[in-house]
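Heads up, there are several structures right after this.
You will see two complexes here that share chain A, one where it goes with chain B and one where it goes with chain C.
On to the complex of A and B.
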């Protein structure tokens, strides 16, 4: 007599919702992955197999494009440069950004909201508007063509990300923990270093991953401020675009090689990313 | 307790940062260094480079990509071995090359020694004082092989590197647009070699769809090649974009209409996706046996005779573009290499340029990339020229040729011209409207 059909209806509605979610996720995955898979497949094709009116799924794979990437192009050098620049910029951004963020979150600074907004402003200026002034500045400092030019340029863009994200993480921490450290004899820096930083480390890891990804993929500054010894991966990938032709196989292979380190990093840091990105997301 | 542990960590962090900074500084590039240079040293081997430049570091700025550019790296490696110098190639995407060079040169302490300078920005760089004159170097017997001088180059090509009477650049990689046609398909269809654009259209219509091949293929993508083909079609009608001074639009509406009619008609017998085809894409289509004819630059056409890329090796013959039989035309395509005025290694830079643009090196490049050298003796080298199947067609086309425009505003004008051609091919505009667009674009010559 009681309402048995109701749970059935509810279950059916829930199942429909779950199916809809899966469909949306599947569409999203197809949307995101098909281009990457196409690039991956093309990286194993000879030019004639790439340039067909209908995509060929049956072909004799070749490693010729990868040989080109590591042979003619010396892509290993681009990878080393990218690692140095990405990690250098991320380290610098964290060194300056984390204390800054903590200060904005905890210290009674007058007009701190305005400080935070001013910092964010540097992210709002189009990169193309900054590239020439930065070139002139670094040239005056004899830094163009060095790793420092790229590290400092990328830090300009990474620092606001670090400050804004870390500020949010620090604000989520219960202030009582730091107050306890202060009562135990730690100074403000001690409370920051010994208590706040370890507690916010998942957030720092997530922020660092985002900074590395930005720096890894950045093209414009890498092109203008580097020289042949310090060029990074995006410049290397673009080397396959000629004046009147594009080496699709070579650029596909280079793109796959460029993706792999970031893919591994993202996979390894997945735990931190999930924890870190949700950590500062909810405010009471 | 907090204080002691904290101090230890701070010291450790500071130490790690300092080591990182030192590593980065040491990894960062230093400037040029000079020692042990003697530009007058005779070559150690025949056709070798002049001078010893032990310890000198040079940078050559050029564009990246393109399949036929590896020869320059080989030449640089050989030059390094022979002279003790260290020439490195700095390659950036072509679309960024001008801006990167201009920005670097404007700083006054550029790291570039040798640069590829496109005709369209040669005048701009020469006027700005970014380029070093080489007239004296060319005339110096101590720095050149016996009998080698400015007179060793083809005058029409060498003159492209002259600004206000001063020689700034040395050319190489001479090429033009020609027509390749499949001899086997023509023979089986009972057709003779096409002599005019009218023949090409007629033959394309007959052969289109036979044996799974399109009638014709040519570049359709707006990368500069469409304008190169169009320029060749104009030259074949004794017309050109502008006057000798480069200040006045001289495009004849009649000639442009005929040229555009040819392009538009030919596109009807071309494979799908024509508007996405750059020069090498068109050549790949032809090499794979999917077109009976191809209109393209000779470097791209090298793919047709390359067994690794072509299923149709040995089945091609070449003719120049002509509207009237016996009156061919072409666009003179070449590369211009200049020395940066701010270079600290000008002698070494000239040594490389002389070595690279001379006949021996150009013969190697020609065989690998289907181009021609810019020196007169290149054409006397029968061993090389006999291996170039398109030589007669190129020579014929270049007997009536105009060089690529050397105007700062040309890249923008060229894009507008190519869009006009594409609009006509797609039927978005009539031929007359597209020609009118070209005239409008050419009005920007002095801007």
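On to the complex of A and C.
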């Protein structure tokens, strides 16, 4: 009973430590969020409110910049292009990647380890090593400048992700359900198509979201393999920054327009985000 | 689980045939899209191919391009810049990420919210990140410069405009965008350490530092390796932010190997040499990732 004071002191020290931890997280969140918020705020400012020597917190918000983004900057075209490329590449990667993943997870195939390593290696191949030969090849095939060029190029990173992610989702399914289907005479393909695929569909949705995000954000392939009509959002945004006099308000508004769909998707798939980014290395 | 499944009557011919079919078509796509261009770049790296020289054609030059690769001072400069960028960014991200993950681990309330807010930077396109930081670090109207001015640093620091600050500024952008990734992975690793281990250590009277050194760090060793693998590979290929923010300048102070390859191919139109540089990147990537993957496989990640 009389020995209570000592743990009390210990607890006080522990409380101080926990408070310090909260402070660290708070500082980190400020550092993470302030740049995004600054650009968001700038996107509602007229130039005279942006170009000040001290940060201005009170100003009259305007939608002028957003009107400009969709008006003279023709940003809607970039958005349409990005959507087409992202959905095209994601669909292609799923169509080819899901069966491959299932075969790796469940079917008696030869060289399973070997395939797994090839897929892992293709995740490591950087776009900078592929873009030059791909540009030449696509030029010869008259694909450069088409949506197909970008869709195929983005499939180089999305297909390995689909295979690796879906393999782990298929492996996590209880095999008994597919066995039951086999017993009922469904056949191997029926077990895959009518049992495994519907059961793995939440994982498939998460994988699709990741592919869309990666494709939406990709820059190098889009820069090299597109033409004026097929440029995606990052290429459009980069052209604002490259010019000598930058339109701060306009480009900030463009950035916010480009970010919003990704934030929505990112939150929807946040549980699987780290898994996708680490290629299944962290299950999370 | 899968083992027992495989060992049953499912090693049937139908399964094998289906497996072959399911593998074949995507494998062809992989070969055409990834391994095709790689082989193509190896072949074309043996040719002199300057597309601005219409008359010279495309003569076979053997290993000339590789001789140039190893004697090109710009390659050396680009490799050194890239190494500086990789080591600086990844090192700081790892230390910072570890501190923040540890703090997050101690939180009881609001951890979920913090988690979702933390992941924001890493889902933003690098080009947009570049734009955001172009404005944050503007010498005149950027928030950072304005805050620095309050502390007496007047006149504005030319972050991207001076060869002294440009590369560190690019590293700052990388650190902003990817420290969250490190935090989330290391935090996931910490959550995977069993409560009993902490309990046992506390009963033995181990202090906070002792627990950190003997339980937390060994416990998250696979995650640390994983972070090193992905961050090293992704910083090594750095292109987007450099291209948008500095184009390798001022001078060649921020020229990285990825940017040099791009410029060789698409600014100087020397496709033969650009292919050689592509092969160089590929080989170095294979060596570095092979090294990490071996370490990871020993810890039973990526089996």
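For the reader, a short list of remarks on this structure follows.
Criterion: the second predicted complex is superposed on the first by the 228 of 284 C-alpha atoms of A that agree within 3 Å, B and C clash if a C-alpha of one lies under 4 Å from a C-alpha of the other, contacts with A are read in each partner's own complex, and residues count from 1 in each chain.
Just so it is clear, a residue touches a chain if its C-beta (ideal position, glycine included) is under 8 Å from a C-beta of that chain, and two chains touch if they have at least 3 such contacts.
Computed from a predicted model, the values in this text were never measured in an experiment.
Contact with chain C, but none with chain B, is seen for A:29 once the two complexes are overlaid on the shared chain. In the superposed pair of complexes, A:185 makes contact with chain B only, with no contact to chain C.
When the shared chain is aligned, no partner comes close enough to touch A:65: not chain B, not chain C. By the touch criterion stated above, A:263 is placed in contact with chain C alone, chain B being left untouched.
Within the superposed three-chain model, A:168 lies out of touch with both chain B and chain C [touch as defined at top].
For chain A, the partner touching the most residues, choosing from chain B and chain C, is C.
By the touch criterion stated above, A:106 is placed in contact with chain C alone, chain B being left untouched. In the superposition on chain A, A:132 makes contact with both chain B and chain C. With both structures placed on the common chain, the touch criterion links A:193 to chain B but leaves chain C unconnected.
After overlaying the two complexes on the shared chain, residue contacts for A:47 are found with chain B alone; chain C is out of touch. Across the two superposed structures, the residue set of chain A contacted by chain B and also by chain C is 51, 53, 132, 135-136, 187, 189, 223-224, 235, 238, 240-242, 246.
Looking at the complex, you find that chain B touches chain A at residues 1-3, 5-6, 9, 17, 20, 24-25, 27-29, 59, 63-67, 69-70, 73, 88-96, 100, 103-104, 107, 109, 111, 219, 223-225, 271-273, 278-281, 284-285, 287-288, 297, 300, 309. Across the complex, chain B is touched by residues 47-48, 51, 53, 72, 84, 88, 91, 95, 132, 135-136, 139, 144-148, 151, 181, 184-187, 189-190, 193-194, 223-224, 227-230, 235, 238-247 of chain A. Within the complex formed with chain C, the residues of chain A that make contact are 17-18, 20-22, 24-25, 28-29, 31-36, 38-39, 42, 50-55, 96-97, 99-100, 102-109, 115, 118-122, 124-137, 152-153, 155-156, 159-160, 163, 171, 174-175, 179, 182, 187-189, 192, 213, 216-220, 223-224, 233-235, 237-238, 240-242, 246, 248, 251-252, 255, 258-259, 262-263, 265-267, 270, 273-274, 277-284. For chain C in complex with chain A, the touching residues are 1-2, 4-6, 8, 10-12, 14-16, 18-23, 25-27, 29-30, 33-34, 36-38, 40-41, 44, 99-100, 102-104, 106-108, 114-128, 130-136, 140-141, 143, 146, 149, 176, 180-181, 183-185, 188-189, 208, 223, 226, 230, 233, 236-237, 239-240, 243-245, 257-258, 261-262, 265-266, 271, 274-275, 277-279, 281-282, 285-286, 289, 293, 296, 301-302.
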